[in-house]
Each structure stands twice: as C-alpha cells, then as structure tokens.
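Chain nomenclature is as follows: A, B and C, assigned in order of appearance, with residue numbering initiated at 1 for each chain independently.
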Amino acid sequence: MIKMEHVNIAYDTNEMVLKDINFSIKEGECIGLIGANGAGKSSLLKAMLGLIPYEGRIYVEDSLVEKKNLASVRKTLGFLFQNADEQMFMPTVYEDMAFGLLNMGLNKDEVEKRIDDVLKELRLDYLKKKYNHKLSIGEKRMAAIATILAMQPKVLLMDEPTSALDPKNRRLYIDMMNGLKMTKIITSHDLDMIYSCCERVIVLGNGKLQADGGKEDILRNKKVLEENHLELPLAFQRL
Amino acid sequence: MNKAEKAVIEIKQIDELADGNSYLHHISPLSKLVVTLAYLLFVMSCPKYAFSTVLLFILYPISMYAIADLSLWQALKRMRFILPLIIFVNILNPFFDQQILLQIGGFPLTGGIISFITTILKGILVLWASYLLVATTKMDALCQALRQLHIPKILVSLFLLTYRYLGLMMEEVSRMSEAYYLRAPDQKGIHISAWGSFLGQLLLRSMDRATEIFHAMKLRGYIGEYRLMEKEYPPAYLYFFGWLCMFVLFRLGILAEWIGGIFL
Amino acid sequence: MHMADALLSPTVATTMYVASAGIAGLSIHQLQKSEEDKLPIMAVSAALVFAGQMINYTIPGTGSSGHICGGILLSALLGPYAAFLSMISVLLIQCLFFADGGLMALGANIWNMAFYGCFVGYFLIYRPIMKGRVFSSLSERIRLILAVVLGSILTLQLGAFSVVIETTLSGITELPFGLFAGLMQPIHLAIGLVEGLITAAILLFVYETRKELIMDVGPSTTAKLSLKQILSVLVIITFVTGGLFSLYASAKPDGLEWALFGNKDEGYSENMALDEENYGISSSLADNAAKVQESMSFLPDYAFKDNDAALGTSVSGIVGSSIVALVAILFSLGFGFYKKKGAHKAA
C-alpha cells in the first residue's frame, strides 16, 4: 500500500530532519508512528502527501509521490490535521464536508447523500448545520474526521488525533478509530492510545528509524522507548 | 472584559440571531439584500430638511423587527462606532444654518436644527436596516446572495474564510491581552516596548496557520477554485415588491402631509 | 474614520462604489496572473488586522491610545493587490457585524482606507523607499520605519481629505469645506503618525525574525516597472478626484469657487492641496458629470424643490409622520406582547 525507500527530508536545505527511512505498509494495517517532539513524524506524513519536498522514493498504491501523481495520491490518503481549526476552513461542518466532495466533481445530490451517510455512521447528525467556530474541541475533532471520511480515502493518516481531548472524548475517539476498517497511520505521544489502536509500531528518533515491530515488542521495551525520549505506556508502568 | 472578547461575543450574538426561525429568516437572501440596499438608498436620498419624509421610513424597521423578533434597542447600541462622526460633522449645523423654517408653538426651528436631527435619524434608520439584514441572514446565505449579484468568487471566498478565522484570531488576541494585563496591571494599553512583538508574534503564528490551511485545502482537491454549495429559498414577492413600492410612496413625501392634514 | 451611510448622498456613494469596484477588478486580475495560492494567507491576515484593531497601544506621554494601520501592514506582507482585497474583507466585516461604516458607504470606505493604503501608500512611498530609490544611504531597518510611517501619514491624510470631500459633496453638512478640512487634516496627521509607528514596530519585529515575509526587502532586484505603476495609480486618482470635483462643481458651483479661491487670505487654501489647473480639468467635465449625476440619482433632490411640502418642513408633514411612527411603535409593542402571550399559552 505504502512503501518508503531511502527517504530523506530536510528543512531549509542544510538541516536534515529524517535520513534514510525505509518501510512498507500492507493494506489494512494500523501503524503507530511514535517519537519525541520534532522527531519528524508530521514531516513524514506530509511528505507522503506531497506537501513538502523529499529525496528518495515514496510509493502510494504503486504510484510514486510526485507532482503528476499528486491528485491520485491525495485521493487515496486522507490526512487528519493536528489542529482541527486549520483543517476545517469553511463556516459550517456541512460546507466543510461539501468542499472536498464538490472538488471531486460530485453533483449536489450525491454530495448531500454522502454527507448524511457519513454523519449518520459516526452518529454526528446533530453537528451538520453547526458553525465550526462554535464547536467544542471534542466536536471539532469528530467533525474533522467526518470531513475526511466523506471523501472515502483508502488510507487514513492521523496527526496526534487525541491530544487535548478529555478522557471521555478520548475514549469515544479511540472506539471510533477502532471501528474504521481501513489502513491507518497514527502519530502520537499517547502510547496508551497507540497500544489500543495499532498492531505495529514504528519509532522515529535522531532523524532515523529506530525500531519497527509489533506493539507488544516495542511498547513494552523500556530501553528503546527511553532512548528516544519516550516512556512506557501508563498501563504498563505500574507493573 | 477586553475589547476583543466583547467583539467575539457580539459576533456570536449575531450568529445566533441569524439562526432564528422567523419568516424573514427563511426568505431568499438576495431579496433581503436588495430591499436593504434600496432602503438605504431611499433614506440617503432624502434632502437634509426632509425630517417627516425620513421619519416615515421608520415603518420598515419597526414592522420587520417585530416579525423577526429583534430588539430595536439592542441594535441601537451599535451606533457607538459611527455616531461620533455623524455628530462631529453636523454639530455645527445649527450655528451655520440659522434660517428659520418653521415655528412650532412660538419656538423657531432653524434649518440647522432640522438638518442635524434629520441626519441623526437617517443614521439610526440605516443602522437598523443593515442590522436587520445580518441578524436574519446566515453568513453562507449572504455569500450566496453576493454571488448572485456577480461579486467575484475570489472576494466571496475570501470573505467566508476571513469570517471563519475572525473568531479564532480575536480569541487569541483576547488571551494574549489577558496574559499581558495580568503581568502589567497598571497599564491601560500595550507599552511601547511591546508594540512590535505583541501583534508580531501573532502575525508569525498566523502565517504558519495560513500555510496549514492551504495544505488542508489542497489535500481536498482545491485547485484555485472555491466551490460553494447553493441552497434554494422560497421567493418572497410580497416582501420584495411590497416594500419597494412602500419606499417610493414614503419618499414622495405626500403621505405625511396628508395624514397630518387630517388631524390639523 | 469610517464613513457613514447617513453622511453620503446616493450619487456619491454609488460613485465611490464604482471607483472601488474598478480597483478591486484590477487587483483580482493582477492576482490571478501570479498568485492565486494566496487566498488563505489573505484571509488569515485580514482576520489578523481586524483582531489587531482590538488592541490598544498606549502612546507614551499621553493618556490616549492608537491602533494599527491595516492597509500599509497588509501591503508590506501581501503586496498591494492581495492587500487591497483583504482590506475589502475587513471593511465588509466591520460594516456588517459592528456597524462600523455602512453598507452603502462601503465603496467610500474601501476607497478612503484600502485604496490609499494599498496603492498610493505602497507605490508612492513604501516601495520607492524600500527599493532604495530614496534615502538609499540609510540602513534597511531605518528605511522600513520611514517607509511605513510616511506611507501611513499620507494614507490617513488622503483618507481624511476624502471624507471631507465626500461629505461636502453629499450636501449633508453645513460645515464650510475649508473649516472641515482644517479640522480633519491635523487630527489625522497625529493619528497617521502614531498608527504608522505602531505598524512600523510590528513590521520591524517581523523583519528581525522572518525577513522573507516582508515585501521588497533585500538586495534591489531588477524591478523597472514601477514608473508605469505609479503613473497608472496617479491616473486613477486624478480621474476619481476629478470626477468627484466635477460633480461638486455641477451641484454647487458657488461653493466650490468659494472653497477653492474665495478664502485664500484665511489660510484655508493650503488644506485644499489644489491649484487652478486641476479646477480647470474638473470644470470641463462638469457638464458631462451633471448628466451622469442626473441619471444616477434616481430621486434627484431638485425634483422636489418647487414643492415646499415635499421637503418635509411643514408642520402638518411633521405631525403626520410622527403619528405614523407612533402608531407603528404601538403596534409593534402590541405585536410583541401578543406573541409573548401566545408563547405563554402554548407553554
């Protein structure tokens, strides 16, 4: 589904953020991408989407991420921004969901139907006509994911999806994510959430890929986590 | 409460009002916009001494505010921005224009006094009419009306986007002001040493935010054209033609004369 | 300094709308050629300027406070065309949500604030100074401050002067033109200076941290187009001011003559910043302008001049309209009461 070969990412030409990243992801996998602040998690996601330049090769569904393939790559990938306010730039939830669909060339009735279907599935009907700037943080996060799902992506990229959510909203959100049966890549510091959502975990640190393996192997490995400025998930700390 | 916070509240109030459920909330935004603009033009066209002609125009806001369940008094509070200029420009009228136009009970009314009062009345009326428009029309509906008037798409999209980020930005200014005044309790405003950095910091953050928004737009297929969903509204012929005819009737100025004649 | 609907005649308001729409068209055209990607940055900056106006800056040594000067700030960040469109967005929001300005006065406000700030201030002051055509010996920081402060002062002077012209042309105020201008211009000199300094402080901060965000900074590139742009700006200004003056001349020729030449000894003529040459141009346009005015004002004032009653200055007129207003108020109070009662019953 997604393949990275010798990927380098640099800011301002001289400062290398990520060096020689290699991994591949199969369809239906759920990957937790973890690392300290500034480890390059968000940059890696943005490179996959063709938002920032990179060296090496990134393939999404066998097409190389480059200018001429961007439209199809971005149709395959759905990206959930860290900050829902930046993601949702239209006045209401409904218009926000319609924005991407209209750009896909759907007609009015199809747009209307897709919006209703997605909102119903996520049980968010009550948000449809709400103004984005009046939503609570929890509602904003849920609405943001609805705008992405309406476009029916095959892969969901989520940047820090549970940050700043209260425990109840976080729990609801995790349940919702687990209900989505598509390929997912989730970046976070919330390792408990990663543990309950993902099967496989990739650790980024010092500009390199430090570890890649099953969640049990990595999230219980104190040494790997601490070397990369992370800590064991709270669930294991009491052991 | 600081200024930014008050402004946020004011915007929220209007949003809530526009979300209402009266007859006026449901009719076509284009007809409301056109009637409002016509009203403004008619009121503005009244000559400076035409107090009674202008006063007749009060029928539109009074009746519509009753239908839309709005408070004339609440709306009047918004005069604070524009009233100073209107007064400044007209306050000297009574001194410059002393020709006596009327005698009411032995009290001479000079042209200056009449024109001063008439202009202030005009100011109140146009304010009421504009407020009526925004308090009964949601932003997306208003933008649709603007599009129907062939206002270029880029301007309408820009307006929608600005509106979307207005609240966020003001909340940020309000938080920053609070943080500032907590550490500088004696100051009334931003000290000169922080003139640049106060808004400058926010400006830099905003530029990064703009990049993120642009990314979000591109990821959802934006290629330079901003597509908007259009809704359909029931036509409002009675409201539209009814008021336009009334405005012409008011403006002709015979009506007041005629009614007054009955009583005198 | 927002212009109010109540201070404008329909003719002046429409003229200013047409002029501002022309500039908006030009800006949209220029923008589509090069940088359509700017939409989000324009929107966020517009929101920033709006929010920035909520901040009070203490002016040292006085008890008062100042604000930022949006047009120049935006032009320095976005370039004149994008800045102009952003300013329209700011002004529209101010007039819709805060009744600051008016819907019909919007055209005039765009002209008075956005046009002067984004085009005149930018092309005549900001850009020449930043490109080192003047004051080239000074450091770039000092030039930035100079460019912004002088640009703001000029912008506010022109804006204030336009308010004076527009109001006088509309025939609303009895203030003599010279006195009005004499009051407005000095006040706005001070305001312009302070707003320029605040704007300069903000831009200087941006300059120190992220230079690349500011327009026309860095080694002078091979820009040679500015003469043409300056000329086109000048042509537009001349055209619009000329048009306005000819409307004025056709409406009250005596008044204009008085304002222009009649009171030189009282020292008002400096405020006018006009000479006889300009007057010549405008009066040659006067005949046409009168026709334009006739066709544009759908209820021209003079149509009622013979009919004294229609002026509304008769006692019966005032009594009549007051009765109507009173009845309407009572009716609406009754209506509200009735509705509340209905709601009460339903509950």
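Here is the rule we use: contacts are C-beta pairs under 8 Å (C-beta built on N, C-alpha and C of every residue); 3 or more make two chains touch, one makes a residue touch a chain.
Fair warning: this is a prediction, and the values are worked out from it, not measured in the lab.
Visitor: From chain A, count the fewest steps through touching chains until chain C is reached.
Guide: Steps on the shortest route: 2.
Visitor: B-C versus A-B: which has more C-beta pairs touching?
Guide: Most contacts of the two pairs: B-C.
Visitor: Averaging over Cα atoms per chain, report the distance between chain A and chain C in Å.
Guide: That gives a centre separation of 47 Å.
Visitor: Return the distance between the CA-based centres of chain A and chain B, expressed in whole Å.
Guide: Taking the mean C-alpha position of each chain, the two centres sit 42 Å apart.
Visitor: Report the inter-centroid distance (CA atoms only) between chain B and chain C in whole Å.
Guide: Inter-chain centre distance comes to 17 Å.
Visitor: Could you say which residues in chain A touch two or more other chains, in rising order?
Guide: Those would be 89.
Visitor: Would you mind listing the residues of chain B that make contact with two or more other chains?
Guide: 161, 163-165, 168, 209, 213, 217
Visitor: Residues of chain C touching 2+ other chains?
Guide: 40
Visitor: Which positions of chain B touch chain A when the two form their complex?
Guide: 12, 15, 139-140, 160-161, 163-165, 167-168, 209, 212-213, 215-223, 227-230
Visitor: If we count contacts the way the header does, which residues on chain C are in touch with chain B in the complex?
Guide: 1-10, 13, 24-25, 28, 31-32, 36-37, 39-48, 50-52, 54-60, 63, 65, 68, 77, 85-86, 88-90, 92-93, 95-104, 163, 167, 171-176, 180, 197-198, 201-206, 209-210, 213, 297-299, 301, 304, 307, 309-325, 328-329, 331-332, 335-336, 339
Visitor: Spell out the residues on chain B that touch chain C in their complex, using ranges where they run on.
Guide: Spelled out, the residues of chain B in touch with chain C are 2-4, 7, 10-11, 14, 36-37, 40-56, 58-59, 62-63, 65-66, 69, 78-79, 81-82, 85-86, 89-90, 92-93, 95-97, 101-102, 104, 112, 114-115, 119-120, 122-123, 126-127, 130-131, 133-134, 142, 152, 154-155, 157-159, 161-166, 168-170, 172-174, 177, 187-192, 195-204, 206-207, 209-211, 213-214, 217, 224, 226, 251-264.
Visitor: Going by the contact rule set out above, which residues of chain A touch chain B in the complex?
Guide: Contacts found on chain A: 46, 49, 51, 71, 74, 79, 81, 83, 85-92, 94-95, 98-100, 102-104, 108, 111, 131-134, 147, 151.
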